[in-house]
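One chain, chain A, appears in both complexes that follow, with chain B as partner in the first and chain C in the second.
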Partner chain A sequence: MAALPHAAPRPPEGSGGWGVRLAAAAVAALLVYLVIVPLVLLGVSSLRPTGFPLEPGLTFGNFATVYGDPRFPKLVGTTVMFALGSTGLALVFGILLAWLIERTDMPGRGAFRMLVILPMATPPVLLAIGWAMLLSPRTGLFNLILMDVFGLQSAPFNVYTLPGMIFVESLALVPTAFLFLAPAFRNMDPNLEEAALTSGAGAWFMVRRVLLPLLWPAIAACGAFLLIVCFVVFDIPGTLGMPARIYVLSTQIYYLTADSPAGVPLYGQVSALGTFFLLILFGLGYLYYRFTRQSQKYRTISGKGFRPRLIPLGPWRWLAAGGVTLYFALAVLAPLAILVWASLMPYQTRPTLSSLGLATLENHLDFLRNARLITATVNSLTVAFFAATLVAILSLVVSWLVVRQRAPGAQLIDNLAFTPIAIPGVMLGVAMVYVYLTLDFVFPIYGSIWILVVAYVTHYLSFGSRLANGVMVQIHPELEEAARASGAGPGRVLRRITAPLVWPAVAAIWIWVLAHAMRELSTALMLSGRENTVLPTLLWDYWTGGEPTRAATVGVWLIVALAVFLTIWHVLSERSANTRAR
Partner chain B sequence: MADLVKRRTLLAGTAFAALAASGASRAETPAATLDKLAATARGKGPIIWYESSPTDQADQIVAAFGKRFQGLEVRHQRDAGGAGIGGRVIQEVQGNTRTADLLTGSASVIWQLVNREMVVRQDWAALGVAPTVAHTPFTIASTTAVYVILTNRQMVSDAEAPKNWDDLTDPKWRNKLGLWIRAEPQLSLASLWGEQRTMAFIEKMNAQRPFLFKSTFPLAQQVAAGEVPVGVGLYHAALPPIRRGAPIRVQNTDPVATTTLHSAVIAQGQNREGGLLMALWLATPEGALVYEKATGRGHAGVPGTEVQKMLAGRTLAEFGADKVPANLEMFERFNKALAAGAQAVR
Partner chain C sequence: MLKVEHLLKRYDRSDPDAFAVRDVSFEVSAGEFFTLLGPSGCGKTTTLRSVAGLEMPDEGEIAISGVKVYSSSQGVALPVARRDIAMVFQSYAIWPHMTVGQNVAFPLEAAGVRSAQLKSRVERALEMVGLAAFRDRPAPMLSGGQQQRVALARAIVKEARILLLDEPLSNLDAKLRDQMRIELRDLQRRIGTTAIYVTHDQDEAMSLSDRVAVMSNGRIVELAPPLALYLQPRTAFAARFVGQADLLECRVLGRDGDTAEIECALGRLRAGVLPPQLDGPLSLLVRPEHIELHESAEPGVNRLTGVIERIVFSGRIVEYFVRVGERVVRVQGTSRAMFAAGRTIGLHLPPERCVVVAGALPAGGAAPH
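And then the complex of A and B:
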């Protein structure tokens, strides 16, 4: 797919001997099994007349049906607009927040740094539901208030539109953008800015000629990553777009899977559509690689210590703080408040004073004493724990082989670890069903929580390995070299030197995967069975089953739990950054 | 279609019929037949039942079944998506893993399984089942979903509330109408109206720029919330919010569009006798009433159910299960028209 990231000083290529070679072979085999086997099954499915891989026949009819459909160009156009719009808006918010929090003297920066990632605790489907309650054209609370205050005849906003979808998606993505960009802002060497300023450069000149060139690779890499996410995301387009018949590629795949008029899922068309998806996403993945490679070149963090220069905002600092507070209110408080409201209602109703009389704790009491909910909670925690642990370990090993050891086949291993990001959750779920039905006699995990663990490990490995690579290249190999010179083998070096150094990053990967696995919906839906109900599928069950108030209740508790996890993650990440800075 | 049925499937069906008939004539009471099947089903493991009701509701049915047939356990697997339930069975059968013993769903789903020789052919008469309930050798009716017009009582007065299908095409409901994403009620209406008139109706509805919902459950909730003041939904889906006090008005139509959900015994199921027992029990007054009480969906073919009283004397619009294969393409055309409609008029 692309070249490996350029690291800081590295050991010679192919070092480590047979131990490393064996480890590399084992990891490569595991990744081929996790990533390539499902993709092959999808390829077979696209060539079957019925789409079921184990049924007879060979055809290109599914491709003809999908790509010959006159609505296909519109579908692609809508998808591209959604992805570009969401990415662009999220980048603007993310850059602004990263700059304000990391490089200015805005008051409350420490608190904002923690608050800004909290939207990640809100499952996107809940964010969409919350915003539907706030900005729907007829009953949305914000619309009603604005119509009342300004005497408007019609609602000023409609969330069931492409701009509405883009707005909500961008809110969901801002924390990820911030997490990508904040280190780049934080780690920028102030000497360059100071040199520009002392040379008489104005602020705009400095931004244009110094800051942007320095930040461009990080911004571009972040943009490519967000674009990939926007192409595969289902929750928000599914909740806000499908009712208004605004389809993107992922919702079209879901429609063909779950609501096909034929009575069974049209897997053949799903897989044929998926190949187009994969081509686009692999292209974006390549761009992402290129940009991250660039960002390694531009990395300015080094052994010498420095503190980034904080730009004084003067009287604007309070306005900036107000703006960030507004973002936090929109991204977290408003949707959470409306969900809390819904969770207190016996049925979905708009927030009015007269509705207050209906308030009841029944949904919350039911949550606390419902055996199914307890089972789903235990399942969610178990799946998230094992997925997070395995991703953290595998990411560390992959990164060690790729970055530190430059093991034979490092390029292949790195590409395989990154590939799953290009597979939409719905498609991954379909593929996993086939893999584990076919291999049921070897790995009888179909219908159990373990199939979810395998799916999540596959899916989140791309993130884990990127983060681990990023940290691994920043650690100078002197300590490892010293250990090797003292006679320690590669395994011992990994265990005693490298692993402790990257431990904070591994912990950060662990918590990030834990939080995302707790809220993941699309893959879980495709793999759900009676024995592996998790909180997101239960929430979806309630939502589609006409119990939005119970769905909101599950959501509120889920958000609270995830917020706790993310706070822990943030603390660990900060510690990781401080450790590296030292 | 019988020529598509695999020999072992036929044999399995014959075995059930023989079991039902053994030691008794066709006049044997259904209760005795059920008890014989229960005796055979015990010891063959739990009965796996794929169906669409929310699990909380299904638990009530499962409990009542377990009380009636001691020693038999039913495991309910929900799939509300419609198409997914059939796909799951196909995948599991082809993967040679444990699959459903009984599937309850729309005839279009079951027919996909029949075409793949995955459904047991039954001699329903030998099992004491009336032909009005079992339309084909593969299916037995389990419940009837009834489409009604739902309106928000606080936003739409009694006088202006739409009373029948044509009222929904009044321009005053433009941007205020909610529909199911699947053209099931339209397909049922086509049994009386024909394809041309039904397609014209769909196009008129499209001009209203309706919101499409994945299921009629959230549709009913959105009518309650006032997001869509008017909707065409399933009666049983509106019951939960109505029971909680939501301001939803229910209007029966004439003709009444209905969709019968059928049960089919899966040929590759491990406990096919248990699956058949469950299917037969759901078609008895006892089973139908338990099912209706739990889900709000009654059995129009079983006397004593609420839905039977509700539909009495009305004109019903629905294709029989035997007509489904011939109508699949028409259904697909309706679905496409519904999905493309709003974009076309925008």
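And then the complex of A and C:
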């Protein structure tokens, strides 16, 4: 209610004692090691003839090879088209979905809001495999059905194309866009719109001059974020693009390391390509940062808790509900159904009543007797558990230092923790290779599951620290000051007051990282050795090795696990939001 | 200027007894400052928003300067933008992506006013609220009181016939609220607009309004100018809601022209103000500041004897809790003449300030804060 209520009051800068300073220094050093060292080695590697950072020689040959390649402009063009196309589609549908669910009287809004996490529980690689089974030109189910019904000579759709990749990627990204934009729609004081109407503005004038400008920073931030994701993503271009020799930056990097025509990984070229990649991503990361700052500036205040004004859609409401249902059918139901079907078949076959007789649990029973599968399951769980736990702890410490203590160097720590968001999984994998081949004598973890833990901690810290910051800012410092005034030392304040208050958020971070580490494919592929096979890499091996039914089986169980984790996450996040709202 | 007839709004279509507003009718003349006063949930904001067109009533008629803007019988419901109104919101609703000047210019742009004229009108409006120097300031970089003024300027720039104000002062701190109250009243007089004001604050309602409608449970229970509402309320609810009051259940023994002989817990008294109907439960209202205290008890009409049980001194006011027989009566005096606790004292309840009101309220019920 007071004036200028935007920024939460903070203790003065540098208020901590020696303990805080020491903690800040230790965290900063750790982050430099996790984030900066790999990037530096990546840069050094790009200038080495062999691509290995410690080997002698200095050359710009790698850059010449990569950027002089006549196919380079096409590579960039494909990447940009893929990213812009997927982002654009996902944004349009995400905005529509957020508006329908948050601001209209569409039937089933509550249920749809819950269902939104389902597509997120589906790893992109499985969505791609599911759609390959539905729309591949030779065996795709939808293609076969359409050919039967309309008597076509050839398949009407081919998912192994750029439009196919864009279609599947945007299906996967709509929930992310929704989760980004829904709060913007929900938290906007409806009085702002009503004030425009009572000022004499018609509906369209109001939308153009008030609603869209107010939402613009949120939409722009969301767009920048989605662009980053699309530039980075490996799963879908890897599954749908590589078989048709359609390469984007991330798959090109994978190709140069795993599949190169030279027979050995071309690390030098990978690093040279990576520097270009990183430049684009840091640019986008900066844009994202700018837009989020702006959207926070627009955050509106309001006296009373407002009832959002729901717009009556009239007869259109059923059409809207139908459209949203169709989205869920395409993004979840159809690919999931075909995966379940495939997992029950001894070989890939078209779903018919007659082939139902072939159904068997053989693939599923593999989980009990196939040593490779069992090892991968144990590895996946171990990696996910440690990565999640470490990220949760580190995020809490980082945001406590940054937001609450305003420790010296807080800004640096904050930026370091956020940087990995712009490092693609394949690049992080390559950088990890450099670090741990170089430091093998200190940390002999190359080829083990621990290198995956380190990589995931680095990667998911960007998300974890953001979430922890958000919660930490909203917990009023007076709560801690009251504890201090009651005679509690800093340790006791953290233990008894701060930690319990942020606990729901920490739990949410933990589960989220657990789920994402379980499904992460690109980094794991780059770092895969004989001992550290995890479920996603095994699934990839099965799929690319021509065993689609086994791949489908692994996928089905992965989705089940993720759905459970993400449901828990959803519940915890809601609860954390409630705690904050008091 | 504004005519509202038989306005009715249900919460919930399926429940025929859940009303937000039931059968509300009133008329406001040009230039009048009219207030809807009541506790939260009484239907005052719903009524105001129905006039604005932000809420769709279920039944009734609303006309603004002769133009039907809503009529359930004729099937008329003019969109908000085409009603001759301007509105100030409780949250101010200042658009954060615009400067102060852009906020104020918006209604003129929506009306298609040309730029030369627009500029001078924006400037005039900002001058009126004392924000001329802030025109190019981004709107979020203002204090609460300044945002309030921007909201006002944005409302008056349109020069609409009716200004609707939904608890515009409730987000300000007490001092600023008093100051803005005076400014608001001055401004409304100067531009001569008709104002419909919604509040739960009786002081605001009293000091601002030409007439006040007290609402409860979706109905207008009493409609009168502030002075009459305070001194001669007709209902126990209104008596309780505007100002402090201990109500005593009473019955009328005999009527004598404009006055009546009544009996209540304090004994037999003469009351000088009576409600139009004397049937149903009745209560006696004597406001604490109207009771006179005397050194010694004297015989006479409406004169009583009591013992001071407790004194609460709060500066401007001294409050005595005086026991009279079974009851404790609250009396307010000033610090000019003080009486000590425990002493016996004479009370005088002037008959012209003894008001019989319809209805009875349980002690402590529906009291203003």
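Operating definition for what follows: the second predicted complex is superposed on the first by the 529 of 582 C-alpha atoms of A that agree within 3 Å, B and C clash if a C-alpha of one lies under 4 Å from a C-alpha of the other, contacts with A are read in each partner's own complex, and residues count from 1 in each chain.
In this section, a contact is a pair of C-beta atoms (placed from the backbone, for glycine too) under 8 Å apart; a residue touches a chain by one contact, two chains touch by 3 or more.
All of these numbers come straight from a predicted model, not from anything done at the bench.
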Contacts for A:153 in the overlay, against chain B (first) and chain C (second): which applies, first, second, both or neither?
neither
For A:214, select first, second, both or neither according to whether it touches chain B, chain C, the two together, or no partner.
second
Given the touch rule stated above, what does A:354 touch, chain B (first), chain C (second), both, or neither?
neither
Of the two partners chain B and chain C, more of chain A gets touched by chain B
Contact-wise, after the overlay, does A:486 reach chain B, chain C, both or neither (first, second, both, neither)?
neither
Figure out whether A:202 sits in contact with chain B (first) or chain C (second), or with both, or with neither.
second
Touching residues (chain side chain B, partner chain A) in the complex:
54-56, 75-78, 80-84, 86-87, 90-92, 94-97, 106, 108-109, 111-112, 175-176, 181-183, 211-218, 220-222, 224-229, 237, 240-241, 244-246, 328, 331-332, 334-336, 339-343
So in the complex, the part of chain C that touches chain A is made up of which residues?
52-54, 79-81, 85-87, 89-93, 95-97, 106-107, 109-111, 140-146, 151, 154, 158, 164, 167, 170-173
Chain B partner contacts - residues on chain A that touch it in the complex
52, 54-55, 71, 74, 136-139, 160, 242-245, 255, 257-265, 267, 346-350, 358, 372, 433-434, 437-438, 440, 446, 529-530, 541, 543-548
Can you check the complex and tell me which residues of chain A touch chain C?
1-4, 6, 189, 191-192, 194-203, 205, 209-210, 213-214, 216, 297-304, 306, 309
